[in-house]
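In what follows, structures are represented as structure tokens.
Shared between the two complexes below is chain A, which has chain B as its partner in the first and chain C in the second.
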Partner chain A sequence: MQATFDAHALKPFTRALTCLSRYGEELCIYASSETLSLFCTNSSKSAYCRFKFNKEFFSRYRVGDPAKGTNDSAMGQLMAKSLLSILKHKTVESTLERCEISIVEGVSSEESTDETQDGLESKLIVRLHCRHSVIKTHKLLLLGSTSLIAPGVPDSSNETLLRIGPRAIRDIIEQFSLPKGAKSDPQLIWTFAEAEVAVRSLESSIDTRGKAQLATELFISADEFDLYNLYEAPTTIAFHLREFNATIAFAELCGLGLDIRFTDPAEPLFIDVEGDNFETLFVISTSHPPNSSAQVRLAPSGPKKRLREDTPADSTRFRKPTKVVQSTTDLGQDTTPARIAASPLSMPLPQVAPTSVSQRSNFPQDQDVMTTSRLSQQKPPLFLPTPSQLSDSDKAVLRESGLGIKHTSVEGCNEMFETHGLEMNCKSIELRAAWDG
Partner chain B sequence: MSQAEILPVLKASVHDVRYFSALLRGVNFANRATVTVTEKGLLVVVEESRTLLGTAYIFSDVFDEFIYNPETPENKGSQPEQPTDEEELVSAFEIPLNNLLELLNIFGTAGGSVSAKHGRFKAWQKPGDELDDDDSDGGGEGEGDQQEGRANKKKSGQFFGSGSERKTGMRLTYIGPGYPLTVIVAEDATGPTTTCEIATFDAESHLELPFDSEQMVLKIILKSSWLRDALSELDPSCDKLTFIGNPASEPDAGLHPVKQRRIRMQDAPNFRIEATGTFGNTEMDYPNDRDVLESFECETPVKFSYRFSHIARTIRALQTSVKTSLRIDNEGLLSLQFLMPTPVSRMHQGKGTSNFIEFRCLALEEDA
Partner chain C sequence: MRFRAGIENVTTLFRIIQSVEKLQKKCIIKFTEDNMHVICNSDANEGGIQVWSQIKIDSIFNSYRIQSNSNNEITVNLSCDALMGALKSASTSAGTSNSTSGSTYETDEVIVKLAKKNDQAVLNFEITGTTRAGRKVKIEHDVKIEVMKPADVAKLNEPMCPEPDIHVLLPSLQKIRTIVERLRSMSDILAVRASHNGCLQLSINTESVKVDTEWKNCTIPQMMREGASQDSADDDPPDPEHLFSVLVSVRSFLKFLSSHVVSTTTIACVCQNHCLILYVYIGDVADAGGVLTFYIPAIIDDE
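Moving on to the complex of A and B:
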């Protein structure tokens, strides 16, 4: 893979890298014939960040070698900080004329006799051409990408869509005097009502230093948002700020607005930022704010894991953030909408990695409602467009299968659950039915 | 001998310590420094792991007053060695260098790397100016620490650009072996003064790394900013640094100059800095462009490696220096000479000798 970009494309690229390095430590690069993706997950897998650069972003972009018939994708993993420190240097920013990034695969049998080929490991080569013909070549070793990860797909039927400019959201966050530091991981609780939004800082009796924290609550009108499509009011979600701040900082530097989508509390939050020849996706896990009575949980699979998080016994106990990503083997195909499972059951599944596999595969045989046996293969490459982007024919397929969300009845759901002896909170089904109604 | 007749071996004073402390800071990488006093000035030598040798040559015109009274044999007392060379008598002692530097910066104004144009520095100083002189001590301390750590981004020409700031003046007195080095530091005559006595130790013989100019295989003179940028861009985790020189192949003089230049550019780079570490490796290529390499002499391809941590010690000196001369001899001994900007001297009206800092480093043994 070889990509070249010039000095003015360096800025968004380094901004992306800065944001990625704030999300997680290891950065994955995936180059396909049309796009270059950089993505990473944080250590607890509760936040995911992906930047996709179209090939128009680069002045030159080539993947694979058509003559040799190598597969047209390249992939590797490296430390985000190393790449960032190379590109974000002050001298680089002022003297760079163009930058070439290439991935050289390790296995080279018939490759050229270039002395730079190592032959053992894959390398990411960053070649900076600076003023006065000074050339700086950095060769970074690529770690073998062992497990690919991708986020779960949101179910958009009950999704709330908000659009807000970065300055406005930054003003909101700034009001909170939150402890800064590596050890603190502040959370904010957002309550979305019809016409206003209440943002509250999470109260905990003591913070890390044993001092009582200041609790802040602020109300903003929904007019601050450029778009405010709330699915159901009121909705309350809580999520951690560390990654959210990185996203806001990126959006602000690039001057782009944020599209925030979320469904239920405890389903992850999706943020889209689209720019000039690139698009980004951020997924942040959310949780129920403690002391809240709502216990809406769809946990058809992996009940053990979920129930543990459910117990509100100790409301001030730190809640483990839910995973937003899962392992996947197929990373490139983001254009197969038919693979989406539109059922409410499978929607939360992607967040619980291994246990979901076996459970889900039970359904097709018994119920014959799942669209295809493809699901049982458990290979949903989850760079999938949201269901709202499904083509009409695919929508028809889903509707036919009888499991469109809007057509599920309470009885049908309960039946399903009882058959499999799964614990279900019937209250939640009733609520869902109310939405469908 | 009468007590009243003892003249101090060294008496030196300067009204603004910034230049002096910048030179000292360049070699401040080890605990102890050996200071050698000669007629011409001071030599501050620091050594690390028997491999790296840093020397700061501070000529007497840095000081406003520099009086050297070489020790006579009677005064020396029990010293076994006696300077017997005809050229000049020297006195040497060892001191902990960082103590001296901290002392010089006690009022916070000895960080010559930050000029008045640096906004933050100015903001701090302004309240300090209004306060009583007694308070400036405490305030200066904190700022001084910050300055020590801050990299010098300004050109060294700005040393003397700010006339409105408070300058720290200093007077050095060294009576002789066995006596401490007395340093009096003050901002101005009316303000508080600090007197400090730094214990001196007998000078031990330090590592000698003679550089034979006859055996030189590579000589480059370049602006310090290039080398400084290169070193700062390298990943700090790398462990080996290699300098590679390729002789410039001269294309036919008969060819068109543009074509000549193209041929020159396409060849192997004249000067390459390679760094290897756990992350991978980095290569920086510098062409034989006059803007980059002011002078380049290399007959045969040269390649020598050094431990990165040693070369990294030179970054401090690089920050204040203007030009760098890089020489390697046939055994790989690297000699880096950093030329400091010329000081404005009171003694010789504007004709001060340039001071420089020299680093010598032994090469790593290459596995064949």
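Moving on to the complex of A and C:
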């Protein structure tokens, strides 16, 4: 892949990278024949950010090598800060004439005839053509990403759409005196009524003992929003601000408005910002606010931290953040979320939600979508019988039906479920199959 | 116990709290019928610095109403950070585009009152303002407070100090701050010296370095001594060259200098080998709108 952009496009590109680096550490690049996408998620997978640049954004854009007939897409993963520090360097802004970014896929040693293609690693090469014929070349190692991730497309039947300018929304958030610092992760609770919006803080100005000293609530007219299509009034949602602030900063620098869409509380929030030859999508997870009354409280409740991957495993006390992304094999379109899929057989991955086994009669389709690999790191499901608990008669039934205990597939189990009516047992077997497999 | 007031001058109040915030996380505010006192007297303070201030109610509030069983006085303990957070959103940015200096809403009115939310005593701030687009916006802040018992209030006493040896009008605190910030990395102890001929010296003296900064032609205001006899023949006029000095902790002096945001005039009083008292006037000295008094105890250097 090769893309070139001029000095004029450097600013939005760098701003995009700054915003991405505030969302997450690892950045994925995906180049298709029409667009170049940069995306990342935060460590708890509760926020996702994607910038899609059309090929018109670039002065030159080429993907794949027609001579070699290679596939028409390129992909890789790298640290956002590495790329950002190259482009944000103080001399770059004033002297850059054009910038060439290329992805060179790693090739095996037998095929390589060219010195530039050394080794099996893919590289991202950034070549800055500056004034006075100075050319600076940076080579960054590209890791192959283990799984592509994309957010689910929301069900738009009960969607609320709001449009607001970045300044107006920043004015609102500025009224809240929130703790700053890497460890803090403040939340705001938004209540959207017919003609008024109320925003309140969950905690702020934490003192040394972690108790809130200041509680703030703001009431503003819904007219501040350029577009205010509320599905149902009143709706209350809560979400963390760290990533939201990065989005607002980006929109403000580029002078672009934000299109905010959300459905139910606890469904993720989607923000679209569209610019010149690029569009961006931000997805932030939301939660049910802990206190549904509009009263401002200064109760001595400790701060609710979002789970980061490095928090200790006594995660049962915290409400797990909704994951907003799921694994997918095709980045061409955003995957449909579990809820919309008509039949379980059409889903690309087995969906397992251990805690909801007893409640749903059909295949559990839950919001916490995860890949099977991540599943193995979860705490064990609550209703899974261990082999020793499976009674002998149960085991005999299984063997008779021709199903092994270990290798049941999702589809096979479901068929059995329908034909044999072995409800509870079937589910538990199927679960274990996914667990072990 | 009732308290309700409209805040006329949010910026001044904000700057006062900003000055003391650097000293202590929590401060004590005492509201009386005529004055508001801001007190920081924690023992844990750097170098033992204390702040006792008295501000006339009229210079900050309008429509002030207070009523309590202890002589219509209410004393509360609260977090400076939280109070500043509430005041920051109340102060208009006054034309500057600097986002840190107040909100971008035009403030119409700020009302503060004592309230109770969920069994917790709070100072409730109700701010009505106008957005950029001209629409109304309402913001409410609740600052958690601890109302002090009359017994504890009675224990609050300003430190005892002898009659100062000399008073001197300090040059711009901003300029002094620049210099003392440089000195901070070189020494822990700062010597403050003044003489009756208008000379002010700030110096440090360590094993490796000696730095002296001198200001000449400072004003030496003649303060009326309480109960002093009018007969000046009793005391000899002090030697104009003699420097009265006191040693203080550099860090506490710097903490005092953070009040540069609010000061118009500052008078330093040197009590030789005892303490340094600094009167920071808010607004015009003649108006006596308010004074922030800093007490910095002296460091006794036996050398």
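The criterion applied here is as follows: the second predicted complex is superposed on the first by the 290 of 437 C-alpha atoms of A that agree within 3 Å, B and C clash if a C-alpha of one lies under 4 Å from a C-alpha of the other, contacts with A are read in each partner's own complex, and residues count from 1 in each chain.
Throughout what follows, contacts are C-beta pairs under 8 Å (C-beta built on N, C-alpha and C of every residue); 3 or more make two chains touch, one makes a residue touch a chain.
From a predicted model like this one, the values you see are computed outputs, not experimental measurements.
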| item | value |
| --- | --- |
| First (chain B), second (chain C), both or neither touched by A:Ala233 | neither |
| Which partner, chain B or chain C, touches more chain A residues | C |
| Contacts of A:Glu217 with chain B and chain C, given as first, second, both or neither | second |
| Contacts of A:Thr137 with chain B and chain C, given as first, second, both or neither | first |
| First, second, both or neither for A:Arg167, with chain B first and chain C second | second |
| Contacts of A:Gln175 with chain B and chain C, given as first, second, both or neither | second |
| Contacts of A:Ala195 with chain B and chain C, given as first, second, both or neither | neither |
| Common ground on chain A, meaning residues reached by chain C in one complex and by chain B in the other | none |
| For the chain B and chain A complex, residues of the former touching the latter | 226, 229-230, 232-233, 235, 265, 269, 279-287, 289, 291-292 |
| Interface residues, chain C side, partner chain A - complex | 25, 78-79, 81-82, 84-86, 88-89, 99, 103-105, 117-118, 120, 122, 131-133, 135-144 |
| Residue ranges of chain A touching chain B (in the complex, touch as defined) | 79, 82, 85-86, 89, 91-92, 123-124, 132-141 |
| Residue ranges of chain A touching chain C (in the complex, touch as defined) | 167-168, 171, 174-177, 204-205, 207-208, 211-221, 223-224, 295-299 |
